[in-house]
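There are structures below to look over.
Common to both upcoming complexes is chain A, partnered first by chain B, then by chain C.
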Partner chain A sequence: MGGTSSIPRWADIVLLPLLNLILAFLISGLVVLMIGENPLMAYYAIFYGAFGSGDGLGYTLYYATNFVFTGLAVAIAAHAGLFNIGAEGQAYVAGLGAILVALALDQTSVFLVVPLAILGAAAFGGMWAAIPGWLQAKRGSHIVITTIMFNFIASAAMIYVLNRFLKPAGSNGLESRVLDQTAWMPQLRLFMPGFGFSPVNLSIVLALLLLVGFYILVWHTKFGFALRTMGKNPLASRYAGMSNVKLIVITMAISGGLAGMMAINQVLGLNHRLVENFVAGAGFVGIAVALMGRNHPVGIALAALLFGVLYQGGSEMQFVMPNVNKEVVSVVQALVILFTGAMEGLFRPSLERLFAGWGGSGKAEAIARTTAGSES
Partner chain B sequence: MNFSILSRLSAGAALGLLMTGTALADPGLIYDLGGKFDKSFNEAAYNGAERWKAATGGNYLDFEITDGAQREQALRRMVSQGANPIVVMSFNWGSVLPVLADEYPDVKFVVIDSVVEKPNVRSVVFDEHTGSFLVGALAALKSETGKYGFVGGMDVPLIHKFYCGYAQGVKAVRADAEVYENYTGTTPDAWNNPTVAGELAKAAYDRGAEVVFAAAGGSGLGVIQAAQDNNKFAIGVDSNQNHIAPGFVLTSMEKRVDVAVETAFTDGPDLETGLQVLGLAENGVGYSVDDNNRSLLTDEMIAQVEDYKAKIIAGEITVHNYETDSQCPL
Partner chain C sequence: MQRPSGAAAANPPAIELKGINKHFGPVHANRDIDLVVERGTVHGIVGENGAGKSTLMSILYGFYTADSGDILVNGLVQKITDSRHALGLGIGMVHQHFMLVDNFTVLENVILGAEGRFRIAPALHKARAALKALAAEYKLDVDPDAIIEEISVGQQQRVEILKALYRGADILILDEPTGVLTPEEADDLFRVLRTLREQGKTVILITHKLREIMAITDNVSVMRQGAMVRTLKTADTSPGELAELMVGRRVLLQVEKQPSLPGKPMLEVKKLTVNDDRKVARVKDISLTVRAGEIVGIAGVAGNGQSELLECIAGMRDPVSGEIRLAGDKISLRGDDGGRKARLAGLAHVPEDRQRMGLVTSFEAWENSILGYEYTEQFGRGPFLDIKAARAHAEERIKTFDVRPPNPRLKTANFSGGNQQKIVLARELGQDPDVLIVGQPTRGVDIGAIEFIHKQIIAMRDAGKAILLVSVELDEIRSLSDRILVMFDGRIVGEADPAKATENELGLMMAGIAATGGETR
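Up next is the complex of A and B:
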């Protein structure tokens, strides 16, 4: 990704997303104005709701944790030139891996349940992504088609399992039994009461570790080099003696495993049981997060935080502004995705002209960046 | 009108005061996923709340959650804003509500479609299976083909309960009847997919069914449309849907969520808690007869169904409830 523009890297990573974000908020403001509310008040409600209280901050971080996992999942596949839009289904199936471990071991100890549940979630999520990967590598079935189809298969399969096996008899909800407290992912409020009632839990530490791990894996290992080589040019990687089949399957398995970590935040951290459709779109938000974060851990962390703010601030906006309903909140979120994701190149030509106008030295630097800046 | 400006001002003031809650002492209502205008379950609650508002001139707080994580958050916000009683919708509150009910013993909660045993909670559940039994019997009395359709929304236990009651009703009249059981999907989108629901209904009509019962929320509109297009019959659900296509909707299996919400609001903060099962006897469920479908039904049919109704209420007929054992013996 990137590397083709003639603008400085800092502008590509910071300035461009910022401009897109400002534009998205301006247009959202118009929407809020149209329904008869004050846009400034709406912005205030979003930012106060997201950061103004311990509770709010906790919820923001909790949502951001989900988006870091799904964002990393999409990003690692993107580095290999694979567009994984199945993080939604992979996280869903991973929930099954997590809950099976937790249900079996929830009488033992949190130190046993959590690591094993993480492995279970990673295994199930990874397996669910590796199948489309294998189909792509061996059979040429396009990964975009197969991963999105696997979302539907996951949904049907999970409903079947919940309905027939996991649902306690006599219960009406599509959910497993509640886990014993020993299997709960410790919530941060236990150590930091300032977080109030918010569900932010130790999964956030896992998210931070994975962000660092992602950086090391992609840029400082042999596997990461092979992965990026294939992403840039699969013919070159094959010519260099790498097995593209192996690379694709392994990358997809890692991608699915990363998406699966989202299930830990949800199943062990929040619901303490497996709930139907617990992913609730986070897999798709991950696509926007990866796109906006330029597939780089720092960008992903920031983009995930932004979407956390939008989710938590959005619900706060619904509380304090009577005319704002959940559809308006969705419109605001969609505008941000539209401008930072789908239309992220909107300002690129004008920025390029602007930086070109800086004269010889600027131009030289820009060109140097272009040739050197193929890292992102 | 005046009051809404006032409440907006007070919301603004609350914003200024670092968004601390204002004590309104109005009732509150939290819709479930699907939203306020789902043409079904949540909208019925909205209608009940609006009817209470029109009748009393009072005001209420409401909130639409968009994901499961918001349940606890929304409920705490309602409490901190002084809402009492607070009505929450759906069977998804099993883990959140008991904890919060303990934490706020002075607030009354009402949960619809679920049972939460706490001293300050009223649980309202409906006998969907008996209501569905009656519309099933009516379908079998109306059509002699021996083939009947059922289009459910999402493939979940609650909808199996509708199906199971319906199938029992059909078989009570025609023991050898066939019932085609279909669901529009396995994701929440299934509640709002009239296209697929319409196709499923058409498939049932093509196989010889003349009546299709839609227990599918917003998707049910597709079944009613298919009935109209194929000159057959549909059975509506939740609200009285007879008016949507007069002459093509045989009847509707009414589930009076609106009444449950309106009653809770009217009872106010002093409402009686405990379990409320709204069945045929309480008119919590039933089949609808009005000007739009009266000409489709003969007096004998109605007499026969009323007979079933009386027998179910008296306990002479037991309709199996799918929820008790997740089985549907036919």
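Up next is the complex of A and C:
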């Protein structure tokens, strides 16, 4: 008994994140005020830094591309009821898959290197995620623990590989040799000079394709149906005879593969070599992106764009405002993650009460509202 | 034995509710409820699921606050704010699902929440003496040092009652108290309730079993769709009248069916042993046969291995040993995709707990109407899901099984229990299986829907399907089955003819006391 009190879907998807965002910016504004700067100026600096120039926009889109990949990675696992917080390590290891292919073939052709590097990254990232998946499915080792542990293992192992095998003789930095130009992911500025010197590259097309592919996979395939069944009720998927072990391992492999695409954007698109710790937190931002985007491709695209803006606009803000340093930018980003990610339900009870208060329109309509299009 | 229930005016009723209203969002769960419960009576409250019984009792017990209306306890208006407050007023509640700590002793559970100061020994000491007195007064014998998980369910219930009495409860609310009891334990409970009444306590009994209402209550109130329909003297009414008041129309309480015409064996289980998740054997060397066109019912108290037996036959649980044959062919359902293997072999499964297992409640109805069959070509070629075909299928199923509201896009959680069960049945019967295994088909289902579901199961039988039925409702087993097997402690301890066996005989078998002939077949 007791009505399944809920709020309309549009409010859940638009209003709730918006309220969280506004709150995050208000509190960020207080922080900026405390260090003696004008918050309105800070907001303007972020916005202008992110969109005000071709370079800025290019960087914003570049970062957003990273976050789409890691956001999708977290989201696909979330649909299966798995909390993959190892996108960071999976993207890192995927970088190895990408660079090995690219190093081996960078004298051939971009049409050969890039697709094979994508496969290499997907395979390495997928494998790195599938192992915790298998441990969860077969041994019951909790995936939250194992994936985060695998981040550390990845970090240590990659340093070893870089140092031992990939570092060119005589070089000091922990990085591989620079790839031949044929292995570079073509940057958009080659066709659209307006993007200035920004690194946004064709990976963004891959991101858009994967957003669409994600939607089809989750809502329009039998695999997606099984995935969602297990995510909502693992006993029901067992009852239905979907193999949960297979589902978990495959889902995690897909998740890791998606995270691995971030390495294509960065390694082939920007650095053109493998750099130590190139992921630099993008895997963790993916968690916030997936949470804020409600695990839906449209939401993920928007959330990824938001974090792209914060990354790009935040670093621009440092140049414009003398008192604002890197740490303050981190604080602003952290507040956004805190309010949109970790505390995304903050306004839910009050919203529910608000909408329940309008309940005079009758039960049928309320039900229709809460249920309409929860698949779309 | 009828005690004078209408006491003098100077003696106010134990409970009086006036104009209670409660909304949950747009749902009007209680509308203008008036109720008078006389002191020293057993007062039954009946109604279908969702009629508002539990909400009303939760208001009385302080879980919810009414939107409007007055609660009078012993003639005084009270604002009951929480359960502690309710207890202070002498109102105690025995929940359907016991609120006991399994690895504590009886005594420790009784003082739970009333431990007193830092040291626990004085409280235990005091409680031991009090418990002894209570046990003597109300004939509620329980060993105070027994561990909860080691005593029977009936005993656990006594502990719940003792807990309430120890806290000074004068008015006891029991929510579906017999759901988990054997008939014998239920009789015991009724004896206890009569003693309580004789000692002047007031008992409110929430149940959907009309037989219990007739057996034990003095007065009965019927609720329907959040409203109080009527309050009657039990002596002046009949189960038929109560059922009609509950549902709002005439109901058949007895299933009509022709004698069965069993064909060849369709489902054969041989020497099957199954463990539970903790690797404890729950099904022990069971053999049974279900033939085409018959319903074999397995009677037993919950927790005697029926669940594990069903899950094993349905491919959800690997057997330790033994074999399963379908239409004569040995099949293996091992692995965690056993459920699909079973369906491919023509075996459909209506699980005991639809919400835990048979449905994804956050899915829309159409999604649940293909669950387990989504991989078949009828719902899309290759890897793709044909949503249109699935929705059309759901629409047809919903119409055939009269699921209400008939909306395949509605979230499953928003259907009532009975309609959820219809969604499961419609799905499983709809694929034309040879063998159907059904667990608790009408648990938590309204009387009106029970009638419909029973008819569908009989229709499946008449269509020549082999049906294995497990239910803890003895009435259901007796009215549907063509043969009854009684399960106790993982074994089949007897077979009975539903036409001849009395409830008493079956009850004794279910309690593992008497076993008739025809051990394992």
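Here is the rule we go by: the second predicted complex is superposed on the first by the 357 of 376 C-alpha atoms of A that agree within 3 Å, B and C clash if a C-alpha of one lies under 4 Å from a C-alpha of the other, contacts with A are read in each partner's own complex, and residues count from 1 in each chain.
Note that in this section contacts are C-beta pairs under 8 Å (C-beta built on N, C-alpha and C of every residue); 3 or more make two chains touch, one makes a residue touch a chain.
Keep in mind that what you see is a predicted model, and the values were worked out from it rather than measured.
Residue contacts after overlaying the shared chain place A:A156 against chain B, while chain C stays out of touching range. Once chain A of one complex is fitted onto chain A of the other, the partner contacts of A:A129 are absent, as it touches neither chain B nor chain C. Using the contact criterion defined above for the overlaid structures, shared-chain residue A:Y62 touches chain B, although it does not reach chain C. In the superposed model, A:Y48 lies in contact with chain B only, and not with chain C.
Of the two partner chains placed by the overlay, only chain B lies in contact with A:P322; chain C stays clear of it. Contact with chain C, but none with chain B, is seen for A:Y239 once the two complexes are overlaid on the shared chain. Chain A has no residue lying at the interface with chain B in one structure and with chain C in the other. By the touch criterion stated above, chain B contacts chain A in their complex at residues 4, 7-8, 11-12, 14-15, 18-19, 35-36, 63-70, 72-74, 76-77, 91-92, 94-95, 113-114, 154-158, 186-188, 323-326. Interface of chain A with chain C (complex): residues 1-5, 219-226, 228-229, 232-233, 235-236, 238-246, 356, 359, 361-363, 366-367, 370-372, 374-375.
Looking at the complex, you find that chain C touches chain A at residues 23-27, 29, 50, 52, 54-55, 314-316, 335-343, 349, 351, 356-364, 367, 370-372, 374-375, 379-380, 383-385, 387, 409-411, 413-414.
Interface residues of chain A facing chain B in the complex, by the touch rule stated above, are 41, 44-45, 48-49, 52-53, 55, 59, 62-63, 152, 155-156, 158-160, 163, 167, 169-175, 178, 197, 199, 270-273, 275-278, 280-281, 315-316, 318-322, 325-327, 329-330.
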